[in-house]
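Take a look at these structures.
Both complexes shown next keep chain A, but they swap its partner, so chain B is in the first and chain C is in the second.
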Partner chain A sequence: MERILESVIQLFLLLALAPLVTGVIRTLKARLQTRRGPGILQPYRNLYKLFRKGMVIPETASWIFSATPWIVFFGTILAGLMIPMVAADAPLGLVGGVLAVIYLLGLGRFFLALSGLDTGSSFGGLGSSREMTISALAEPAMMLAIFTVAIGAGSTGLTEIAGAAIGQTWRFLAPAQMFAFAALALVLIAETGRIPVDNPATHLELTMIHEAMILEYSGPYLALVEWAASIKQLVLMTLLINCFWPFGLQPTWFGFGALVGIGWLLAKLLFLSCAIVLLETVNAKMRLFRVPELLAVAFTLGSLALVSTFLF
Partner chain B sequence: MISGLFLSGITIWLAGAMASLALWRKPVAARRTGCAAALAGSLLDLSASAFAIFSSSSTVIGLPFGNPVFSWAVRIDPLSAYFNVTLGVLAAAVSLYSFGYLREMEGRRNLGAFGFFFNLLLMSLALVFTASNVFFFLVAWEVMALSAFCLVSFEHEKEEARNAGVLFLVMSHAGSGLLLIAFLLLTSVSGSLDFSSFHLLASSLSPLQQGTVFLLFLFGFGVKAGLVPVHIWLPEAHPVAPSNVSALMSGIVIKTGVYGMARVFFDFYGAPPIWMGTVVLALGVVSALLGVLYALMEHDLKRLLAWHSIENIGIILMGFGAALMFRALGQPNLAALALIAGLYHTFNHATFKGLLFLGAGSVVHSTHTRNMEKMGGLIRLMPLTAICFLVGAVAISGLPPLNGFVSEWLTYQALLAGFGTTQSLTRLMFPIAGSLLALTAALAAACFVKAFAIPFLALPRSEQAADAKEATPSMIAGMAILAVGCVVAGLGATWLVRVFDPITQQTLGVSASSAMVTARGMALSPGTPHGGTISTVGMALLFLLAGAAFALPLAIRWGRRSVKGPAWDCGLPGLTADNEYTATAFSKPLRMIFSALYRPRREIQAEYEVSPYYPRAFRFESEIEPTFEKHLYEPLRQRIMAAATRMRAIQAGSINAYLAYIFITLILLLLFGVRG
Partner chain C sequence: MLMRPFLDMQFGDRIITLMAALVLVLQIAVVAQRWIVTHIRIFAIQSFLLATIAATIAWFNHAPHIYIAAALTLVVKVILVPILFERLVVRMDIREEIKPIINVPLSVVISGGLTLLGYVVAESFYKQNEPGLGHNELAVAISLFLIGFFTMINRRKALTQVLALLSLENGLFLAAISLTYGMPLIVELGILFDVLVAAMVLGILVYRIRETFESIDVSRLRRLRG
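Let's turn to the complex of A and B:
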């Protein structure tokens, strides 16, 4: 029973917070670039507008095109319920740990890439090809970083990983943890399609990656896909902050502590958003074929993290 | 009961082989007899081995042939039974599929011969998995190799098929040669040909002998399994065979190599030196990565699948390698986990790769091409084949909640647990292997986006693809069985893992499953304290629940508001098949990133009349370098040919010389005999 209540609270947090994080990042970025920006609530307005609109389904598309938004959305939500957000205890920790999170996000990506190719438009194919390439190259670095964290906890279960982190609040200053954090942060940038890997605000189809795959979506399905993308961003950010900065993470869900936990979560998310904004503003988007170099850096950092687990 | 079922299965296969050969002049009867016997034999074999697993005992059956020295005996122990279950499931599905698939060949090809070799192959596979002495094992092994050769080169009017068949035969016999030496070395120590006399024997040899026997077995079985660098026959031979044979080849014939390794590594050896595990793990990683990287560059659908077999054998061997290392480190429970990961993946690969080859067979059957660039849009014309192929593609990409995910997850868990088992630098092997497994899995997902999307989605790229027809009901039934197998082996993980207890008990002396099943049988854990858990059933239930509660009603509501229209395509009107992304284009970024491996070569020629700025036609050619063939096998072939040329001097054609050779040999043998 408690599990169900926890899941519902976390589900609500995921659905509600994800557009907010996107909005905050966009607004902060606009301010840093001395623009006014559309306001932090704009993603909600976009979703509201899209959900009320009609859709155009391309004639060339098959049922894959219509099934994909659902698979992506549910897969991302399911992954989101497996991570510790407010308390170290992940609501669906029993259904899957960090590997399941990664593979569920992978399931969504697989179907998005299929639907990119489904319409026959060459822009969709271009996006699918790039997305699959970049995510494949990001994978080894991510796995090394996860191995480093999981070895510390002796488990791939996120409840156990976060629990181990709570036990040693200042552990993130250890070299192994710092390297793993840096590797995972680079992977997060690649996975969520942010500058310097992909530009979420681009209007030029030829430079798009994620946006090119979903070019043919409209109306409610576009809303689902975009919502899922921001939830995925929230999931990966939360994963990063709660595995490495366990401040304020509650051991259990109930009582006054939960409110403190949510407060800390928001504060940490804001901090990470600021870091992302800064990174996005001072960097230019990379050429596609420079991205492997960035991911090679991430892989090296991951390897260093592993080596330092037994050097220091 | 077990022996009765097993023997009747063997008998039916044998009878089916003879009967279809006898009926070769009546193609319809030959097809039906051959397929029906294969199906019946598979079901009997499946039930016999299923009983054998659940009774977790060994059954020894002496066949009424042979003589005391070369006895023909089979022993169905848990390990044999497990591989026989895999065989039974796959062979039943493939036999069912063959009813429809072979119909097109009626009157054009000799289906009597096909039925003969097909049944013979199934029979020899069952015997390879159960033979209990060296002699019988090698006989079954040869029958298997020869019947597989005949099936691979069944379409022998094609030069491609003949060459691939010969390459397969040569490689296969090179492998058998290595096996023969290894078995003779063991026999000379034990003094018996029986497998039971080899139990733990190899570990009592001197380190040098131990290592030699190990390497001989590794590469001898590795040839059949498609281990890099002895894999080169596989991507040639699997695609040219008829697709039902390809499914058997990739699904189960290469698993005889895996079976052999499991038998040798975990039955003949006790705790091995650690370098053996390290070698197997490293070769597994290399095979997995190279397999998927070469698969990405293929646009021949069946060759692509064949390369993926090499990848998956690599993943299986990663499990085996880790198990060997854990054994060397004195960690039987972890060894059981890693062995289960490898064996689980063996079954999973048989189901999804069998399924994918059958799906590819249906596609090739109705489009008459293996080139993906000429397919497209088949999901509309062949909807059921498309769904089955999609299930296989999701499963092989290791995505939840299907079976590929479960076995890859177990492999990760084994590798993760390995880091803490030793203080030496060897432990770095585990996380590095894990991260490369992650790369392999992600590249496989990229490859199967291509392998599903290019043939099945968007617009048809050729007239053949536009005229494609759905497969016949029996073909769909065959694919559906395997698709259901992928789902069941994914969702039923907590139930299936109990099957491995007799095997780990027999080989490692521990049972792992009770520690691996948690949460009232709903979740799987690696069995280590506080290890992570997964519940594929839970995921599937939540997906279904969410789908039924939200997706269906909303999709219906939104459906009323949606209209069909031309793809937007950035406002460019008139989308045609020529605009579509191709398989070559899809894998272009990876071809550039891994160009150090592929060494791609391309040639562009433009034809123009007036000015080079207005070309009339383009000719584009692109290929990648076959590294192993060029740098390993070609020099080897040249050496062998040079040696053969030199040896020709002995064979001068003069009778007198030959008589002299015989005389000299005789004298030498006499001298040798007198001395001995």
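Let's turn to the complex of A and C:
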């Protein structure tokens, strides 16, 4: 019974918080660039608008095109329920560990790439090929960083990883943790399509990566895909902050503690959003052929992290 | 109560390890970036971290003479040398990117490998479970060396080679300070003035190379063979 309640709360948090995080990042970025910005609630309005619209499905599209938004959306939600958000104890933690989370997100990406190819439009195929290139380079770095954390906790279960992190608050100062954090932060930027790698606001076809894949989607399907993208961003950000900055993370869900946990989660998310905004504002988008250099740095940091857990 | 962590050896060790790790990250960042001005600034930040490490070691080991070494590092490597080089860059009007011989992703992975080599070599130098500061710093220092050498080989432009030489010297400084808790002051002074003079002389040399060959690409020096 408690599990169900926890799951419902976390589901609500995921669904409600994800557009808010996107909105906060956009607004902060606009303010930093001395624009007014659309307001932090704009992503909700966008979703509401898209859900009420009709949609156009290309004639050439097969069943993959209509199945993808559902697979992406529910895959991301399921991954979101398997990570510790408010308390170290993840609602669906018993279903799978960090590997399951990453490959659920990977499944979504796989289907998005397929649907980009499915419609037969050249931009979709181009987006898919770029997305797959980047994710193939980001994945090793991500796995190395994740394994570093998992070795520290002695388990790939996220509940155990977050639990071990709670025990040692200052552990993030250890070099291994720092390298792993830096690697995972670079991967986060690549995976969520943030600026040095991809520009989430672009509508210039030649530079698009994620946007190019979903170019053919409209109406409710587009809403699902966009919602899933912001949930994925929230999931990865939460994973990063709860594995590396465990302050205020509660060991279990109970009454008042959960509220404290939510408060800390919001504060840490805001902090991370500010960092992302700053990074996006001071950097220009990289040329596509420079992205492997960034990810090579992430890979090297990840492998240094893994090795230095054994050495230090 | 507030002062307690600042007297605790373990806390000091942790801080120093953290900063040494940052120094290492900066060294890899040098390999990954493409602009000479960025290279100079990264070198300045790296030297600043080294000065901080030296000061921390001085504080925890109650060795006041290391403060002087730290202060000298701060003045020479964080302020004088970077200013000198940035002026040189402005004067020679260098705008093009650094073109390494081996491409950047591979260079970064190679530096990662060199770091591992550094750790393996350093492993044999210290006994396990021996307490005290400077446990991991030797490994970082050796890695700085190796990556510094690699950067020197990997770059064609004279100025970046000089910078790589200086970061190699940073590795030496780190090794000396973490192993011996500071060399005698006179040696320290000698090395620092050596660096300053070397930087100036090499700066002038780079400028001359540029005057004569219209470029600071050292591969053109072969033309001397007539």
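Throughout what follows, the second predicted complex is superposed on the first by the 312 of 312 C-alpha atoms of A that agree within 3 Å, B and C clash if a C-alpha of one lies under 4 Å from a C-alpha of the other, contacts with A are read in each partner's own complex, and residues count from 1 in each chain.
Definition applied: a residue touches a chain if its C-beta (ideal position, glycine included) is under 8 Å from a C-beta of that chain, and two chains touch if they have at least 3 such contacts.
Everything numeric in this text was worked out from a predicted model, so none of it was measured.
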item	value
Touching partner for A:Pro175 - first (chain B), second (chain C), both, neither	second
Partner chain(s) touched by A:Gly124 [first = chain B, second = chain C, both, neither]	first
Winner by number of chain A residues touched, once chain B and chain C are compared	B
Touching partner for A:Leu32 - first (chain B), second (chain C), both, neither	neither
First, second, both or neither for A:Ala150, with chain B first and chain C second	first
Chain B versus chain C as contact partner of A:Pro292, first or second or both or neither	both
First (chain B), second (chain C), both or neither touched by A:Leu270	neither
Chain B versus chain C as contact partner of A:Val307, first or second or both or neither	both
Partner chain(s) touched by A:Tyr103 [first = chain B, second = chain C, both, neither]	first
Chain A residues contacted in one complex by chain B, in the other by chain C	292, 299, 303, 307
Residue ranges of chain C touching chain A (in the complex, touch as defined)	14-15, 17-18, 20-22, 24-25, 28-29, 32, 104-106, 108-109, 111-112, 115-116, 119, 123, 136, 139
Of chain B, residues touching chain A in the complex	379-380, 394, 397-400, 405, 409, 412-413, 416, 419-420, 423, 428, 431-432, 434-439, 441-443, 445-446, 448-449, 452-454, 456-459, 518-519, 522-523, 528-535, 538-539, 542-543, 546-547, 551, 554-555, 558, 561-570, 575, 577, 579-581, 585-590, 592-593
In the complex with chain C, residue positions of chain A that touch it	170, 173-175, 178-179, 182, 292-293, 295-297, 299-301, 303-304, 307-308, 311-312
Contact footprint of chain B on chain A as seen in their complex	53-64, 66, 70, 74-75, 77-78, 92-100, 103-104, 106-107, 109-110, 113-114, 117-126, 128-130, 132-133, 135-144, 147-148, 150-151, 153-158, 160, 205, 215-216, 219-221, 288-289, 292, 299, 302-303, 306-307, 310
